[in-house]
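We just call them A, B, C, D and E in the order they show up, numbering each chain from 1.
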């Protein structure tokens, strides 16, 4: 039985329809990631699940029971906000214990134990007496997660929890969350993000949203390898999949060819020719941006460093078995 | 002749010495990136160059002339702040034109032309009449850059301009800045960042700062391939270089072996053994985190997808020619 | 019964009242508490009106200014019968001032009338007599002031009085007008008499003082400001109430022992005489009192000759009982009172009886007209003409 | 590093401090003069001095010997404190509703509340008097506490509403998820974050209640229930026209010192950012 | 900006099923507003209604309850005399009232203007970093902490022409030739009142502006410095526009207060026609003169004037009513 089930859920703010009918099942213990372009309704959907926002129509079920009208605290959820949303005037300990204290029926000792357990899990035990402002961004976000953990929720909701952190911290905290998921494997987690890497590395399944509707749901590899539409193909993976249309696509008997940067090779006998716009060397690998007469530059990933002169011409070939072909409606031809 | 020259520049706030004697030359038209851990003095150094802060001792030269006492507006610089620092009550156009209007001697028409040229360059022409709060983060940052461009500066200063943007925008704006540098090739740019990728892709030269002193200056590839210290080695590149100490290092007759994730191969006859902690699949490649009895997990990068069970044992080998060896003082042994 | 009496009296006055109440309690067994009020009379008046309008039963006895009785007449108990026995012991003018129609609204506690304070030493030094007319006063003041200034006493002025736009100016101006034989603004029968030649002459005389013998600032002076200037030795003459007498004889007063009092000067022309505005305080019983009998008893007690005598001795307040001016004990305690008996002969009441509820507004119109005249804002004749029309409108 | 540069900086510094000193002198001088006057007695009062010449505590003694000044002080403290507590309580809860819950006619309600502070105090005196007598609280401190809400409440509601509007939504939502009721959100989450606003409005309301004269005069009729402004007006000299300047100044100093102390204690809290660290800055 | 000010329907389409959370919040909101509304209705509503009612009657303080309805007579009455002359009576035909209106408006304008300017200067000074800022901040607040009736008396003492220290100071510094009777002379009475009021309430203004100033991000000034903006220009082009919201709220409360000014004038220059304001004149009619109904009419007119001003101000100034709700 699904932990969470959404049946034709709709949401409008005034006259604006934001969620236009979503059906979705999230299984118990699953890690579900919502991705989609800005404004597509990811946060709104998460907030509908949390109960912070009312559903306009449709049904929402937790463990088979309709929860449409239940308050957030009664749904057994916990939420981690993009902006931490810590209580600035409470110490880390108080922040984490607040929800439990309000719940009644927990002894002081029991609360302490649960807070400390969560704190140990996230390695923030030594900060328990500090105020949020005395912590770094990463530590704050861990406190926010810790606060959610202590509530011992059945469902864990994250809204872009890492987007305020710098690159190094983002990586570290991402790994933290993955470990958490492994440890708390009967807790359902729903996670909203913009970031491809987070989506790919964390998700059991990814739900791609577009304009208030579900575009595709599947495991990261399914989406990466077998996108259901040109939209999903372009959305999953970093750098973005290159799309080649026109004559070059006709050669593959489709209207658009999609090929990822890592599946192209620069070689003298490449079937396509492009002018180098710009090269980026990242050390481990490098990206070459090519002008191939398409709307956007085509990016080719190259192991190690390269040094192509801007303006010079190079030839590339897609790896035939890695090509995605799309028809005019943007659907894949398989 | 260097565009900017710092001679034994020091800065203290009260009794705290923040910049402890920096000598640095930035050439005309060069793109210089400052990196370093938080609090090392990157922003302070940038602000000294801008003239927003006074130098405590030492000399600062622009084109050979001492500018120690010159006000910011007379140094011919422009600055882009991490927090955008747009005037919230002015439209984009007014924001960009404000500095020019005050400068006198520019006709209305001339100002309009310059603003529009900059706006075109950054593709923000259609937003000229909006207020900053009506723009998304990426658009705001482009306005901030545009404002700097219209001033037609000799020196361009950036303080972590991208750190408030989300991943996708960060990539797009990064490329924007790179193009800008190519187009305005006689303008000197100094750029502060935390982000490896930005540093590697944008810089002509990178200056690694540590605790108020310059640790190493060089091109990205110099730093990536031939770091002058274990500090620089660990700081440049993403994911971080793995450091292996103890017995395993002694085998290479050094105190610490540094090896990047992309320079290790998982193979049955690998010389080191490690327990898999966690695997991350990014589609194009994947990271395997191994516990090898070191302080931190060792990360191995692997092309394509992998599927190692957490807890299983694997063997890896570093690519011999990619090994960095460091002595006890943290200096490289070459 | 338990009574409460409201009083705007001041420090020692309250103490005295308390001691009287103690005697009263001993005699009658009624317990009385005092509710003190701010000494600002207009604050008091506003409060009393509001309380009475709302039928406030918390206050039984009010201490009232002479001019209030007619305005609040409806809400006070008629004391005529109760007072009938002793009525003829008191100055008739005082009783008259508290009588509205046929009703005695309040019974007197003490009376008050101003006098001319003059510097004995300076008059002697310059060989001058105490002036008896305003013209003399002006000339004497002018001469002494100029002579003194020539000697280096640059701060000195000739005459200070109460010139601020407030009730005090009404008193002052009424004295000028009346002393010139110009009537009482509104006569007892209700005719508006103020617009006459004598009154114009009186105000013109007064206007001529400002900036010559009196400082320009006199237009903002009340009793205290005038006393301040006087007491520092910076004025030759002053018009003030008896309270200034004791204070001017204080140890730190520059004028101590060097001054005396006389009736205010007379005006000129037909009917000219010295005149002094009648002041003083009274006791009235609230209609809403739940112990009216006891309250009346209290009011009568406080205005009795015995009480007035103690008041005269301890508080130096002028009694309304005529016989007390010959009383030796009183004169021994406050010798200056002898001088006031003469002043009382010329006491003139403010027109509160004929104007009734409108008195305050009448007074306000009057002092405004006078203040305008003094500050050179229109001539006396013009201002009085307008005043007549305004009064006519108000009282028609 | 030229000489003129330093000179310019110096001039700017000197000018700035001159401005600071000017502001302080203007603000404090009358109070200083009041203190000076309160130490004078008799005719000395009418003499102008810039520095203390005589020093006499007689005025202070008279303040405490006349009437029931200590009692009045206590009354004032009680009335002002309860008024502030009540106003803050009502205003905090009301401003939560006004700033955080979406409902019809909110703007109209805010306008109505503002309208209450548009009517002149003297004009409501008679009507208020009726209400107070009807409620049977005439001549008790409660009459004043009740009457003072007329000017403390609109102000506190408005200011607190503006402040509460700016508190981050995320923190409130976090509390909702934690299971907090609106009451818990207000008392345990918002109140601690609003110290600057609470202190600012609390101080304003306290001072307004502390200084109020007209209502206090009208609604209390005994020394035991009156507050200090009335007590000051009741201070009197020996006779009717005599204004006891020295004593009034002494009383004023006594009345003002607690307020100055209060301001000194709280001024640090008046302006500061307490939400720091809670949400991404 | 005033998107849903006065009575505009908020969320057009209410959610079909109101959740427990929303119900709880709305219930709480009602519960929270109720005590305040009751308190205000009792403490202000009834007295206001009474005053307005009295303004349409012939009430006097001697006979409040026997008041009879006379319509607009207290406001304006047109009477035709037997002689055929038409005369106008009532508050609106009373030159003293119009004088008071003019005084009030004049007073409110100048006092709030100067308080704003000086408050801004003080706030800017307090906003700067310098040693001893805490003490200066406390010192600044002293005028505001002194009871009005005391400070009014203090100033009337200091402004006295004979023993007032200000005249003495003026003479010593050579600013004055002769002592001026500040509160007595009609030419200077208003000035005196203004000076005292400005002295007293500038701290209030400064405090609220300071709070606004602290909200302006610092980095904008650095951007301006790099743009080479002169400090004076920085103030007018950046500080002023950004501090405007805080300023608007401060000004509205100050103007409301200034239009109702009573106690200061009552103590300082009680009877001077040059400073008599609407509140003072209506107090006079209510309690000193026998014109309770007319006084009520004057209070009502004052209320109307303030209300009109407020609505205009909020409308023209685009004061934001809307909450940051969820």
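Keep this in mind: a residue touches a chain if its C-beta (ideal position, glycine included) is under 8 Å from a C-beta of that chain, and two chains touch if they have at least 3 such contacts.
Quantities reported herein were computed from a predicted structural model and do not represent experimental measurements.
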Notebook entry, point to check: Could you give the fewest steps needed to travel from chain D to chain E through chains in contact?
Noted result: 1
Check: Looking at C-D and A-E, which one has the bigger number of contacting C-beta pairs?
Finding: C-D
Notebook entry, point to check: Using CA atom averages as chain centres, what separation in Å is found between chain C and chain E?
Noted result: 38
Margin query: With centres defined as the mean C-alpha position, give me the chain A-chain C separation in Å.
Written below: 91
Next item on the list: Indicate the whole-number Å distance between the mean C-alpha point of chain B and the mean C-alpha point of chain E.
Entry: 55
Notebook entry, point to check: Distance from the CA centroid of chain B to that of chain C, rounded to the nearest Å?
Noted result: 90
Next item on the list: Going through chain D residue by residue, note those that touch at least 2 other chains and give them in order.
Entry: 45-47, 125-126, 130, 173, 176, 233
Next item on the list: At least two other chains touched by the same residue of chain C: list those residues.
Entry: 50, 53-54, 228, 232
Next item on the list: Enumerate the residues of chain A that touch no fewer than two other chains.
Entry: 52, 71-72, 74
Checklist line | chain D partner contacts - residues on chain E that touch it in the complex | finding: 2, 4-11, 21, 24-26, 28-30, 32-33, 35-36, 39-40, 42-44, 46-51, 54, 64, 121-122, 125, 128, 130, 134, 136-151, 153-155, 157-158, 162-165, 168, 199, 203-204, 207, 210-211, 214, 249, 252-253, 256, 260, 262-263, 278-279, 282-283, 286-287, 292, 295-296, 299-300, 302-303, 306-307, 310, 314, 321-326
Margin query: Under the stated contact criterion, what part of chain B meets chain E in this complex?
Written below: 50, 52, 71-74, 77-79, 81, 83, 85-89, 98-99, 102-103, 147, 151
Next item on the list: Within their complex, state which residues of chain D touch chain C.
Entry: 41-47, 66-67, 125-126, 129-130, 133, 138-139, 217-218, 221-223, 230, 233-234, 236-244
Notebook entry, point to check: For chain E, which residues are in contact with chain B within the complex?
Noted result: 217, 219-220, 222-230, 233, 237-238, 241-242
Next item on the list: Sort out for me which residues of chain B touch chain A in the complex.
Entry: 38, 136, 163, 166-168, 171, 175, 178-179, 182, 194-197, 200-201, 220-221, 224, 236-240, 260-262, 278, 280-285, 289, 301, 305, 310
